[in-house]
Amino acid sequence: MTGAESTPEVEPLQYGSAGAPESGSALREPPGELDRGETGGPAMRRAARRRAVGIGGARGDGPFRFAATAAGAVLLAIMAAIGAFLVVKAVPALRANTTNFLTELTWQPNATEPVFGIGALAFGTVLSSFLALVIATPVAVGVALFISHYAPRRLASALGYVVDLLAAVPSVVYGLWGIAFLVPFMLEPSRFLNRYLGWIPLFGGDQVVGRSMLTAALVLAIMILPIIAAISREVFLQVPKAQEEAALALGATRWEMIRMSVLPFGRPGVISAAMLGLGRAMGETIAVALIFPATFTVTFQVLGPNGNSIAANIANGFGEATETGRGALIASGLVLFLITLLVNMGARLVIARRKEYARAAA
Amino acid sequence: MTTPSTATVRTGIRPISVGRRVKDRVVQVLICLAFVLALIPLASVLWMVVKNGMQRFDLEFLTHSMRNIGARDVGGGAYHAIIGTLQQVLLASLIAVPIGLLTAIYLVEYGNGGRLARTIGFFVDVMTGVPSVVSGLFVLAFWILVLGMPFSGFAGALALSILMMPVVVRSAEEMLRLVPRELREASYALGVPKWRTVVKVVLPTAFTGIATGVMLAVARVAGETAPLLLTVFFTDSINNDPFNGPQMGLPLYVFDQAGRPTDAAIDRAWSGALTLILIVMLLNLVARLIGWWRSPARKGS
Amino acid sequence: MVAVAREEGVLGTMAKQIEVSDLDAYYGSHKAIEGITMTIEPRSVTAFIGPSGCGKSTFLRTLNRMHEVIPGARVEGKVRLEDQDLYGPDVDPVSVRRTIGMVFQRPNPFPTMSIFDNVAAGLRLNGRVSRSELDGVVETSLKGANLWNEVKDRLNKPGAGLSGGQQQRLCIARAIAVRPEVLLMDEPCSALDPISTLAIEDLIAQLKKDYTIVIVTHNMQQAARVSDRTAFFNLAAQGRPGKLIEMDDTSKIFTNPAEKATEDYITGRFG
């Protein structure tokens, strides 16, 4: 198809070799060949050729273009296939289920009369992720501001790298650290919270343990902090100098300048960063699988021996799952996929809106 | 009105109120504290991994598997897991890098911001948010349950490649967009077809940047546990064939050992964690070095 | 009534003389301006002219310590506002900027704030202000900036929705709302159309009754129209620091400059 339009291509190849003997190397060594001096041919011919290539493409371009487009399509197909195959394998198990999947709290899919529901797991997923978000976001915004507006410029990128290292630690290592260090460590602070802030329902309850919802949420918070901090930092660095200077020139202190210029500009970015962090926290598996006591209760008392999540349940339950058990886990995974998909799409839409907003404001 | 009084008080530079200055200071301290607070867990994790990991980080650990190691025995190692991880990550890269790179090329060179390009771009972003356990479940459902393939290192690689792809696309896309327009146009001006321009001019220029992105993507998936759990399963023995039968992976090994009740197993878990962190940090370091090595060149040109 | 009281209280004290002696400004190791000494008269308009890159903006920003907000930038020398050294050891740059207002080349209203909030932004920094007082000051400032009639019905609309010229006048209103002693303007009309430019020039002529005004401009006619005194800056060569060549009454600079360089620059532009 494109071959018919590609006639102009033949001549330029000769043009490249007109003065120089190494006609073959014209293509083998393009950067050298593209030196300004050598390409300084008649401007008109250049423009004409550029147009020809721009419109018609050139010989051999078809297959390459096809491969590139196909790769993109494969990505879309994978996303669709994830949904489709999870549904395919979830449906038989859901048929075998003897209760309502969405409201049931227990999880006994391996029994001869399978009884399982997403209720308690979804609750645990949402509660632990929200707690993690509430803990992580203020710290992450502080970290981002520190790097973008407080630390010396020369140190900024190195400090950013150090925070990124938090994200490089594999989650199973956080899990190991969690059970070996954080679980015993959290016992005293949890007792303290229970004793003095027990009137808040969140910290109430009679039993206080280390392997609690709060400890897991803390580990999650540590794990999502880098992503929230990194995106917020990028957004804070993009604040137009003119807006910062507008505040400073009015006699604002650094903090007042941040409140007047940086935070309003960065707010949508921080919101979407937090949503991405929320998505991460919901999907996080291994660290919380090691820490959660894997119960199926629904309670807001985060210091007690309760806690589980969809992802943790998959990791813990997969080993001894029967055929229906696997289907049930896949069904729960489908729910997780849909929730995180919504959260992520929401976050991306906020970012997309923000771009337009920034352009409009510029 | 307050005006007359302020007008008479006013002499030259008007200092700001103490309250404002104090507030500024307090916020500054809080923000520095936030940064320190964020570093505490990092320091704690690294310290514990090194301290506890060194106990069993020996030659036996690196060269032996867990075969014939009883539940209460000391000894044993992670050789089979290290081999597994290397094979799985390599296979995952072989799948994810070409697809990711081609997608990035489509987005930058051919998409022209059209509907398909925008859709792909959006879903690439969404794909970065797919939980790793879900990608494992997908390969379980598709590859193992529907197609009836065995648990294998390759199945794990499939799951890991899904996690790698969006990272590769995004970093490659960013690097391709950095290639100056003039470079492309100069090549077109010579009549070089677009695809040759991409392969011979654009990709080489962006190569180091893309390599950095790929290394970071590899580092990210090398530490993933959940997808392996569902697709590679467990084994205590060495399995050199990634296409057949359960393998082990280093993250999986740590998870497995951490769940066992003996001190010897916990020690092995820490040593596994140390090995894993060393591998991941090494990959990160290599990525940064590639990036660093490249930046003076960029300044020069 | 509020407005009247303010204006009366203000007239006697506002507007101060600025004395600069032997001032150098750096960006990192690059010296952008060198050895500048001048006196800026109160309640008058002083224009800075000179070729691009000679350091007019840099010098202007040293006058309210905005220069140092750029990483690596620093200043040597003295700037006195009446009897106080702006760069004295115990002087807080924030107080300096509160006292010496600034208007930038491109209008930069706070995009998320309404017109009202934009003007009130500086006042709100200084602690609680009653709503009625705020209303009064916003009205006075907008009137002072010749913008009141155009926006009085939409004070709660975003400032970013105004035209470029209106935005620039909004920025002027925002700057004068905190009642500065001095108003610095860096090419305030260069991003505006001719009609808006005229509006701003009229405004400057009015404002000089109350304020010391320093304006950087690329436009010779504008300097001739609005200013009482003119300072000509130049640089010896690319990469060399900019210097003050001469400063005099505007009429003298434009008719009979002492320096050949000034004459070349002015006639070059006019011719």
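Each chain gets a letter, A, B and C, in the order it is written, and its residues are counted from 1.
Operating definition for what follows: contacts are C-beta pairs under 8 Å (C-beta built on N, C-alpha and C of every residue); 3 or more make two chains touch, one makes a residue touch a chain.
What you are looking at is a predicted structure, and each value in this text was computed from that prediction instead of being measured.
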Practice task
Considering only which chains touch which, label the overall pattern as line, ring, star, complete or other.
Solution key: complete
Fill in the blank from the handout: Of B-C and A-B, the pair with more C-beta contacts is A-B
Practice task
Determine, using the mean of C-alpha atoms as each chain's centre, which chain is farthest from chain C.
Solution key: B
Exercise for the section: Determine the chain that sits nearest the middle of the structure, using the mean of its CA atoms as its centre. Expected result: A
Problem - Rounded Å distance between chain A and chain C, as computed from the means of their C-alpha atoms - result: 46
Practice task
Would you mind pulling out the distance in Å between where the CA atoms of chain B average out and where those of chain C do?
Solution key: 50
Practice task
Would you kindly tell me how far, in whole Å, the mean C-alpha position of chain B lies from that of chain A?
Solution key: 11
Handout entry: chain C residues counted as touching two or more neighbouring chains
Key = 94-95, 98-99, 125
Exercise for the section: Check each residue of chain A and list the ones that touch at least two other chains. Expected result: 251, 253, 256
Practice task
Mark out which residues of chain B touch at least two other chains, giving numbers and ranges.
Solution key: 16, 20-21
Fill in the blank from the handout: Contacts from chain A onto chain C in the complex sit at residues 153, 240, 242-253, 256, 260-261, 264-265, 360-361
Fill in the blank from the handout: Touching chain B in the complex, chain C uses residues 1-2, 5-6, 8-10, 12-13, 16, 81-84, 86, 91-92, 94-96, 98-99, 125-127, 133, 181
Practice task
Give every residue of chain C touching chain A within the complex, in rising order.
Solution key: 64, 66, 69, 71-72, 94-95, 97-99, 101-102, 104, 106, 108-113, 121-122, 125, 160, 171, 174-175, 178
Exercise for the section: Could you please specify the touching residues of chain B with respect to chain A in the complex? Expected result: 16, 20-21, 23-24, 27-28, 30-35, 37-39, 41-42, 44-46, 48-49, 52, 98-103, 105-107, 109-111, 116-117, 119-120, 122-135, 137-138, 140-142, 145-146, 162, 165-166, 169, 183, 185-201, 204-205, 219-220, 222-226, 229-230, 251, 254-255, 258-259, 266, 269-270, 273, 276-277, 280-281, 284, 288
Problem - chain B residues touching chain C - in the complex, by the definition given at the top - result: 1-4, 6-8, 10-17, 19-21
